[in-house]
Amino acid sequence: MISQSITATAIVLAKSAPRRRHRLPVTTTVGVALLALLILAAIAAPLLSGHNPETVETARVMGAPNALHPFGSDVLGRDVLSRVLFGLRVSLLVALSSVAVATLIAVPLGLIAGYFGGWLDSLISRSLDMLLVLPALLLAITLIAIVGPGSTVAALAIAIIYLPILARVMRTSTLVVSRQEYVLGSRSRGASAWRILSSHVAPNAIGPVIVQASVLSGFALQLEAALSFLGLGTQPPTPSLGGMLADGRDVLTQAPWVEIYPGLAIALAVVAFSLLGDGLRRALDPTGVAS
Amino acid sequence: MTASLALDGLSVGFPTGALGDPRIVSAVDGVSFTVASGEIFGLVGESGCGKSTLANAIMGLLPTSTIITGSARVHDAEVIGLSDAALRQMRGNTAAMVFQDASTSLDPTWPVGDQIAETIRAHQSVTRSEAKEKALALMTEVGLTDPSERYGDAPHRLSGGMRQRIVIAAALANNPKLLIADEPTTALDVTLQAQILQLIDRLRVAHNTAVLLITHDLGVIAQVCDRVGVMYAGQLVEVAPVAELFANPRHPYTRALLAARPGAQSGAERLAVIPGQVPDLSEEIAGCRFASRCPRRIDACAVTPARVSLGDSEVACWNLPTGGTE
Amino acid sequence: MTALLEVDGLTKTFAAGGPPWRRRFVHALTEVSFALEAGRTLGVVGESGSGKSTLGRCLLALSTPDAGSIRFDGADLGSLSRSGLADFRRRVQPVFQDPYASLDPRWSVGRSVREALDVFRIGSTLDREQRVRELFDRVGLNPELAERMPRQLSGGQRQRVGIAAALATEPQLIVADEPVSALDVSVQAQILNLFRDLQRDLGVAAVFITHDLSVVEHISHDIAVMHLGRLVEFGRASEVLARPQHPYTRSLLAAVPPAIPTRTHPHN
């Protein structure tokens, strides 16, 4: 799955001479709108929920959805809607910050490896390859086993998992761009490596990384949920989507709403990210001939 | 004789300019001509006169913001305004194009041989190994020595001329009914150029392919074309059978173009150029677009000249010279 | 008169694919030697894949040869100091083959022309703008086009932008790889005349790589013929064209297409 998206982004880059600008398709607009909605909901969680997500209300254990609690209540009688909103907040924060951190490190690494080549490339690429061969979840669990669970650690683990993928995409696109004649021209016009990298190579090579990062944000959200589900990510009583899935699993038949709503939130967020990634891919493929 | 490609009043405008000053670059203006099956039609004209834009319009490769009017029919099917999916089906199958920018139309990360094989597999039901076989045969045909060694090379490992030939091989892969070749031999020396032109000619004979050959090289035109269209600043100023065009150029621009050939003036210290500049296509230009540079300008030129037939050729000029020489 | 450029025994080999135990090599350049005096033009011709572009990249110090030396104005390229290299870059400028790949698609073409002036901090910002306009004029482009993006120009217009960029620092040597092959005859003539004028006015020397003999004929003082990575013929242009020695040169001269139509036309 991941290696597939790497080749796909490489092909996007192949047509990097902008010639054609696309009107964005409906799916992208839907993706962007959905994501904006989810982020807004997460930011405005305290205003929207009207309940404290951590307040235990024994009288309403597994209460069915009603006007006051539209998503019902969970095994401890906590309001599911406010838990979903606050959980979304944590999940999005972890997903976005982990991918952002990974991107910030991956871009310079990929640029250096791709542009300078030689031993620098070997050093960077080999080190990143070592990270890449380890199964993602195993890596995260090992790290958490060492440092202890929590959402910051989860974010860090996810960043480490995605760093080599993003760096590799950046390296490939840097390789391609650095062979363009305008880069050779700039070199023979005496521009320094720093100048060439920052003004020619990076702007022309970053596209595929942005696409990849937005797709990975969706995966990161799933990964955070998985870690929290296993009790390795966000720690109770702080609500998290993954944690709620774990809670709801035992009462699936008696109170399905405890499971369904956080699951739905995860699914929506993942779909939104992938639609966004798809739209960016089209927007950044200027010729439109690649597809 | 069926027309494989028929253009009727095709015009292309690119919106440009600043926010307060929107302009439209009129890159192609009312071009009409037909190319019959089995015919090689050459298109010449000064750099920037809209040749590539015309080709891209036919293949549906212009930005969506572009304003296209008129009609372009490929095998009697209108292509202007076709959906993306329909265009994709047409490209590489019914109609193929050799792009002017050979290196950017190749994927820099893929082996060149695979790129040809992919094109074959996209439109023909063949196995992977059959496609590879065909790709290798095509690579031999375009004059690449030891193709099996070159098959796995990434584009940057090839020289400019080799890359150009890979692009040609990919365009010929599916025996298209219409081939649009935009400056296909610019990077090739005369010997290879002749080989490629023969290859295109063989395709024409074997599959009755219509060929629109865009080039600035009048030598190429002379070698393979049946008829020639001359463009100036977005307009078609002359269409003539090739022998007629060289023996009897009618339009003042065609004459100036023929006179500027380096081969036509060997020994000259300075090469003849056409004085003046191409008009700014984002301005409204009244009348004949060549008028500002034309030695035969008269008052009537302020009105767009109509196209008149003279024997086999058609010319758009108010003040045609009489006789073959001037 | 000492030579501006001396090339001696230049050799470059590429490892080209194949598994490590059966690695194939491409000998792009084998023992190439020649010299070029200031203000002269050397036309380099040769078959596709004969190593012309590789030679050009070595001369521009963009590629390091495996063996042999290049001396520019007496200084060996291989042992230039940092400031020596900067000076070299200012005095030797490239023009490339592909007008589509030689301009940054995200930069206005005016900015591309200004790049070298910015790098070397030549003049004030206003001077640079002025110089860009002059350069556009010099290569026969309307200075208004400076604000356009490359994709908004035709191939020939872009190639002229590339030449304008090369002229910005008033170099002593221009290494041009197929600079006119994308141009139509009238613009080609303009550019060839431009090269002549530059030579006359500024004394700029040029290595002019091309596959087109009629172009070489018009602007070269000397001609070098490459074949399979070797320099097979070198001499005064008039000599080489009048008495070609190598079979490839002869075949090139023999194959110059006639300027009049030769085919029989089925549709006439």
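For clarity, chains are labelled A, B and C in written order, and residue numbers in each chain start from 1.
Methods note: a contact is a pair of C-beta atoms (placed from the backbone, for glycine too) under 8 Å apart; a residue touches a chain by one contact, two chains touch by 3 or more.
These numbers were taken from a predicted model, which means no experiment stands behind them.
Novice: If each protein chain is taken as a node and each touching pair as an edge, is the resulting graph a line, ring, star, complete or other?
Specialist: complete
Novice: By the contact definition above, name the pair with the higher C-beta contact count: A-B or A-C.
Specialist: A-C
Novice: Could you give the separation in Å between the centres of subunit B and subunit C, each centre being the mean of its C-alpha atoms?
Specialist: Their C-alpha centroids are separated by 26 Å.
Novice: From the mean C-alpha coordinate of subunit A to that of subunit B, what's the distance rounded to whole Å?
Specialist: Spacing between the chain centres: roughly 46 Å.
Novice: Taking each chain's centre as the mean of its CA atoms, how far is subunit A from subunit C in angstrom?
Specialist: So the centroids are 47 Å from each other.
Novice: At least two partner chains per residue is the criterion; list those residues in subunit A.
Specialist: 16-17, 19
Novice: Going by the contact rule already set, what residues in subunit C reach two or more other chains?
Specialist: Residue numbers touching two or more other chains: 97-98, 100-101.
Novice: Mind pulling the subunit B residues that touch 2 or more other chains?
Specialist: In subunit B, 101, 104 touch at least two other chains.
Novice: Across the complex, what residues on subunit B touch subunit A?
Specialist: Those residues of subunit B that touch subunit A are 61-65, 84, 88, 101, 104-109, 156.
Novice: Quick one: in the complex, what on subunit B touches subunit C?
Specialist: Within the complex, subunit B touches subunit C at residues 1, 14, 16, 25, 36, 38-39, 44-50, 52, 100-104, 149, 152-153, 157-162, 165, 183, 186-194, 216-220, 222-224, 226-227, 241-243, 246, 256-257, 260-264, 266, 270-274, 277, 280, 312.
Novice: In the complex of these two chains, what residues of subunit C are touching subunit A?
Specialist: Per the stated touch rule, the residues are 57, 60-62, 86, 89-90, 92-94, 96-98, 100-106, 112, 115-116, 119-120, 149-151, 162, 165, 169.
Novice: Write out the stretch or stretches of subunit A touching subunit B in their complex.
Specialist: Listed in rising order, the residues are 7, 10-11, 13-17, 19-23, 172, 175-176, 179, 287-289, 291.
Novice: Subunit C touches which residues of subunit A in the complex?
Specialist: 16-19, 180-182, 184-192, 195, 200, 203-204, 286
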